[in-house]
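Can you keep this structure in mind? I'll have questions shortly.
By written order: A, B, C and D. Residues from 1 in each chain.
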Amino acid sequence: MIARRGVPLPALLALPLLPGCTGMQSSLDVGGPAAGELRLLIVSFTVICGIVWLLVVATLGWALLRRRPAGTGARTQRQLTWAVSLSVAATAIIVAGLTTLSFLATRSLGGGDGEIEVVAVGQQWWWQFLYPREGFQTANELHIPVGRTVRIRLESADVIHSFWVPSLSGKMDMIPGRTTALTLKAERPGVYRGQCAEFCGLQHSHMGFTVIAEDDVSYRKWLTGQAQPARPAATEEIRAGQAVFLAKPCAACHTIRGTTAVGTAGPDLTHIGSRRSIAAGLLETTRGTLAAWTADPQTLKPGTTMPLVPLTSIELRQVAVYLESLK
Amino acid sequence: MGSSGGRRRSGWSVASGTLSLCGVTLCCLACATALGWMRAPRQFRTDPPLQADLGNLRLLPNRIGGTPPESYFALGKPYEKVAYDLSQGKRLYTWFGCATCHGDGRGNIGPSFLDGWWLYGPEMISVAASIRDGRPHGMPAYRDRMTNDQIWQLAGYVRTIGAYGPSVSATARNDDPQTRPAENRGPASILFEQGPAGMKPEQGPSP
Amino acid sequence: MKERIVHDLSHLPLHGLGTASLTWWGTCAFMLIEGTGFALSVAVYLYLMSLAPAWPIDAPAPDLLAGTLLTCLLLISLVPNLLLRRWAEREDLHKVRIGLVVMTVAGVLPLIVRIFEFPALHVSWDDSAYGSITWLMLGLHTTHILTDVVDTVVLMALMFSRHADKPRRYGDVSDNVMYWNFVVATWVPIYICLYWVPRL
Amino acid sequence: MTGNRNARTREDDRPSDTDVSDAEGERRLLATWATPRTLKGVLSTVDHKIIGRRYIATAFVFLILGGLLALAMRLQLAAPEARFIGPDRYNQIFTMHGSTMMFLFAVPVMEAVGVFLVPLMIGTRNIAFPRLNAFSYWIFLSGGILLWVSFALDVGPDVGWFAYVPLAGPEFSPGKRADIWAQMITFTELAALAVAVELVATILKQRAPGMSLDRIPVFVWAMLVTSFLIIMAMPAIMIASSTLILDRLVGTQFYNPAEGGDALLWQHLFWFFGHPEVYIIFLPAVGMVSTIIPTFAGRPIFGYLPLVMALIATGILSFGLWVHHMFTTGLPRLGESFFTASSMSIAIPAGVQIFCWIATLWAGRPQLKTPLLFVCGFIFTFVLGGMTGVMVASVPLDTQVHDTYFVVAHFHYVLIGGALFPLIAAVYYWLPKVSGRMMSERLGRIVFALIFLGFHGTFFPMHFLGLMGMPRRVYTYQPEMGWGGLNLFVSLSALVLAAGFLLFFIDAIRSARSGPLAGPNPWNAPTLEWATSSPPPAYNFRRIPVVTSANPLWDNGETLPVAGGLNIDRRELLVSSVVEALPEARESSPTDSIWPFWAAMATSILLITSIFTPWAVVWGSIPVAITLIGWFWPKGEPEDEA
């Protein structure tokens, strides 16, 4: 939970439940201008619609329970005709107002070009992020500099996914055969969680990622680090782990730049040790989780494309240590 | 015959109609349960011991033909007929670059799967052995690059490429540019050309 | 509830014709369903065309001969069809029988020509989306011709049987005429789509 | 009244209902119209009441099954990282839940209520094309069994109820799961289209003399508009599901972008059907509410004309909204703005309806019996669902809530609140007509309390879950997401909701067996279905009523004007003109026949086998043709001889 809590809008106070809607992936926990705009829109709509709903329900209750005078048929009929006509007119005006509100929000959100371009490719069930200018790729973790607009080009390698970081912006689908785009801008440093929002098969539930917004210096540093090949093995155990990795099926699907592992079916693992989570947001990156994941991916994430590769416990530990060392 | 007779009758038939419909539905579900052996659950995880046993290919000395491991039969030979395993095999065919040599199945550097000629016989075990151990004249061994169940999945898929009839469980077309009918339409029967046209004698023994 | 008879229905005819017949309305409703289906298939065709950089996709435009011949056959078949309706309205059994025989032939002939239309497309259904939609449209329309031919044959058999000389049967013949008009009418936009839009 | 008037010039010399005593007339009408109580009778009946009842009962069985699946999902989601159901099974379960509720429950049950009620409400003896009606039921049943047997065999569809390609396409959905879904669509759409055609013909041509367009009960208007929606919308899904099967089976390229196809084409086709589908479910409910409110308010509906215009306007507008399901696919902004405006504008006809209902209640003296309670619950809930509907109609707002639990909450508010509440009200209201027995008022109030509280407890928190970032269709979520508490609350409330439904079904079955007798018109309702006995005899009305006002049973005192002269020894009904309902002809109505059953079986075999081989369409059509010829070939009965 990194994003700042608290909602500045007094309007929200009228809706006691909404401020409770915070969380690491909440659309009301705003981290950027677009999400702020959208939260304002959500709140305005909720307030207006809520009032209308209360009025309708109150009228219904009144109509059911009011004390009834005797007689007066024709007059009631005329009054009712007026009342209904006015209500319909009011409905039309409110609807028109809300439509205008929506259009205004669309205009002020207005996409635009980004200062930085990143390509996000949805895969069953992980996220591939490519930084074309720097020429490297990473997985499930997107870094962006605070205060700058980042244009994310959205593609899909298989089925339809949807790119969604609620605290920063609305969602946009990734459709095979088409290219869509989304702009992200973070106002303050932080870690924002995103998740696939379009049902994409077995592990749709475990297709999360993190967006890390950081100041320009850290961002540059991160870029430089990521563009490097993997650091050479420093200890005996790491070297042993690397040997296991390269000799076993691991290397057939994963790339670790700087080694002979050049598989492309799975995520690039060159700097996996530096990422906050593994298996698309499933587990925090530690030596233990790396070992657990490698040992039995199909129990942790049934149906994932990573097979259960039989390893001895020693091999398993060596591989985990090696992967953890890939900072 | 007044309306009261009609009433009793209809009242009865509402209840009995409802009951019999519930009965019909329940019977159907009961039948379905009884036909449990027809269920086609998908196995995502192969237990490590099973995984290890799947590697026990009991091949004949010439490494053509033989008996698959016991566990293969115990599982019910899923890799030949379960649609999910076949589709996984198809993905492996792409991921492991089989198309580099075998093309879309019509062969290129490597032999074709569509011409009716299986250089080492058409049995699952021979295909699996070819993938796992490699073959002379260029077929590399995938022993260290794939797990045993993946090898079986791929072998099952490769055999559907060369199947001579449409198969219900074989994979359908991919969302890619098309070069031949998909496996579920029996491409070998559509594209078959008389004689071992794609056959290259230098690639191995004649069948 | 007590009843008070205020109206006598016994003088009414035992079968309504035209809009007074339920079958007429049923046929219209089915034509609306199928017409919507045809309209949607044309919409799909145009939608796919709007996406494609070149249309037709990887194929020459279809040969005109078979399609145009079929169009002519269908248009010509309207003449006996409309005559058949007139004869059915007059309840002239003999002429209706002749008309039904003629319409059976007029239904089978386009089916024969249709066999040559598929190769004239120069594309297979599995080649590209263009091939798929053209085969779908052609197949959809073929099913309609086929259904109507079977319908006509059954009706013809009926008119040669002892059940023939009833107002209801003549109503059926009229509805069959209407349906054939529909089959012909839906072909025109499909013909334009399939044969002339690729030449634009 | 023994009408022994002198015979006039008749088209035939058979006895009419004015020639014999009432008792004799009823006896002979029953002999003509009744369904024999044999197995063959059961399979070959064409009585709209029996088929309607079957349809309703079957649909409710599917409601129960779908509801059990919902409970299973709630059990799995009650706690984070639960392992009660794995992803493969969970995906099948939510697909089955959605497909069952939409295709096997909501649409069929609404049509089935129409099948049962419309002929009674417009004063005719059977629905038009009654054999098609029988065929429709058997097809619907086959489709439902196909889907559920597949599920039991672990080949249930797992691609979601809108089966987006490419996930449902040939590459990513191996096996027959998606095919079974697509073919189930064909079954249910075939059944729905058949009923729609029958209802259109019945409503336009079989109304009692004098029931001009401005005297048609609002429910019948609603069914008419619904039927037209079905006729115009369902071909889209038929094309979509057929092309999907073709892509999967014979390798067509409709949805393959690499060969000129397009994944979004599916979404356009699906939602071009899918949005009207919502109104196909909702409009009959509008009709039910508009029928129930006047009865319990004790006065005619306020604003009949605006209500009917609102129904028609909703029907037309519903075809202009489909893109609001695709606001996150990156379509051109101008188009999206148009669909925002059109989606929001549908609030206006909805407003007209709501205000007219409230006005009726205001002007009347409402009796808060169970049906009216559910109607009030409907207005309370549906308006809330409508408000969230306005929210999701806004493109920017939708980008935050689309495909989240907010949307799940929204559509359950409009579908359960907007259609199921009125349907339960309708069951309480019309079950006495169907079974002849009353349901319990006391239990009814408890049922209402449980369902109402259970419903809001279940679905209201989902709005917040959606805003907190919980996507729909997840089989589990991680504890650190912070969704656990609300989800547990939702799951517990779902139990309350389920308890309400359980009590409702117990009450309905108990009432149908041993409830107090209802009599012809227990609610003192104004429409024609209450003019005949409860349950109605096989021939519906001894004589066809003559309608002189929009509320015939209120405006005619104790005596109902009727029309005599229909034949009693052969199935005969009255065909009248479209606008003014002037009598046009005495049309014979088809007799019972086993052929629709066989035709449905032949069609089912064709459809099911065509999942496996395209050639099934060729050889499977032969038995279909044979059974259809058997169906239509005259058998020399009196009904054929006109």
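Everything below uses one rule, namely that a contact is a pair of C-beta atoms (placed from the backbone, for glycine too) under 8 Å apart; a residue touches a chain by one contact, two chains touch by 3 or more.
On a predicted model such as this, the values are computed, not experimentally measured, just so you know.
C-beta contact counts were set side by side for B-C and B-D; B-D has more. Centre-to-centre spacing of chain B and chain C amounts to 43 Å, using the average Cα coordinate of each chain. Our note on geometry: chain B versus chain D, Cα centroid distance of 41 Å, whole angstroms.
If you average the Cα atoms of chain A and of chain C, the two centres end up 52 Å apart. Put simply, the C-alpha centre of chain A and that of chain D have 38 angstrom between them. Among the residues of chain D, those touching two or more other chains are numbered 88, 166, 171, 247, 250-251, 253, 256-259, 261-262. Under the contact definition stated at the top, the residues of chain A that touch 2 or more other chains are 176-177, 302-303. Annotation for chain C: residues 126-127 touch two or more other chains. Every pair of chains that touch is listed here: A-B, A-D, B-C, B-D, C-D. Against chain A, in their complex, chain B makes its touches with residues 42, 44-46, 48, 51-52, 91, 95-96, 144-147, 149-150, 175.
Across the complex, chain A is touched by residues 86-88, 91, 159-160, 164, 166-167, 171-172, 257-258, 261-264, 302-303, 306, 328-330, 333, 336-337, 340-341, 344-345, 347-348, 351-352, 354-356, 358-359, 361-363, 365-366, 368, 376, 379-380, 383-384, 387-388, 390-391, 393-404, 464, 467-478, 480-483 of chain D. Only residues 173, 178, 181 of chain B touch chain C when the two sit together in their complex. Residue ranges on chain D touching chain B, taken from their complex, read 23, 26-27, 30, 37, 49-50, 53-54, 57-58, 61, 65, 88, 141, 145, 148-149, 152-155, 166, 169-171, 174-176, 247-251, 253, 255-259, 434-437, 509, 512-513, 517, 533-538, 612-613. Chain contact summary for the complex, chain A toward chain D: residues 1, 17-18, 20-28, 35, 37-38, 41-42, 45-46, 49-50, 52-53, 56-57, 59-60, 62-64, 66, 68, 76-77, 80-81, 83-84, 87-88, 91-92, 95, 98-99, 101-103, 105-106, 109, 124, 158-160, 162, 164, 166, 169-173, 175-178, 180-181, 193, 195-205, 281-282, 302-303.
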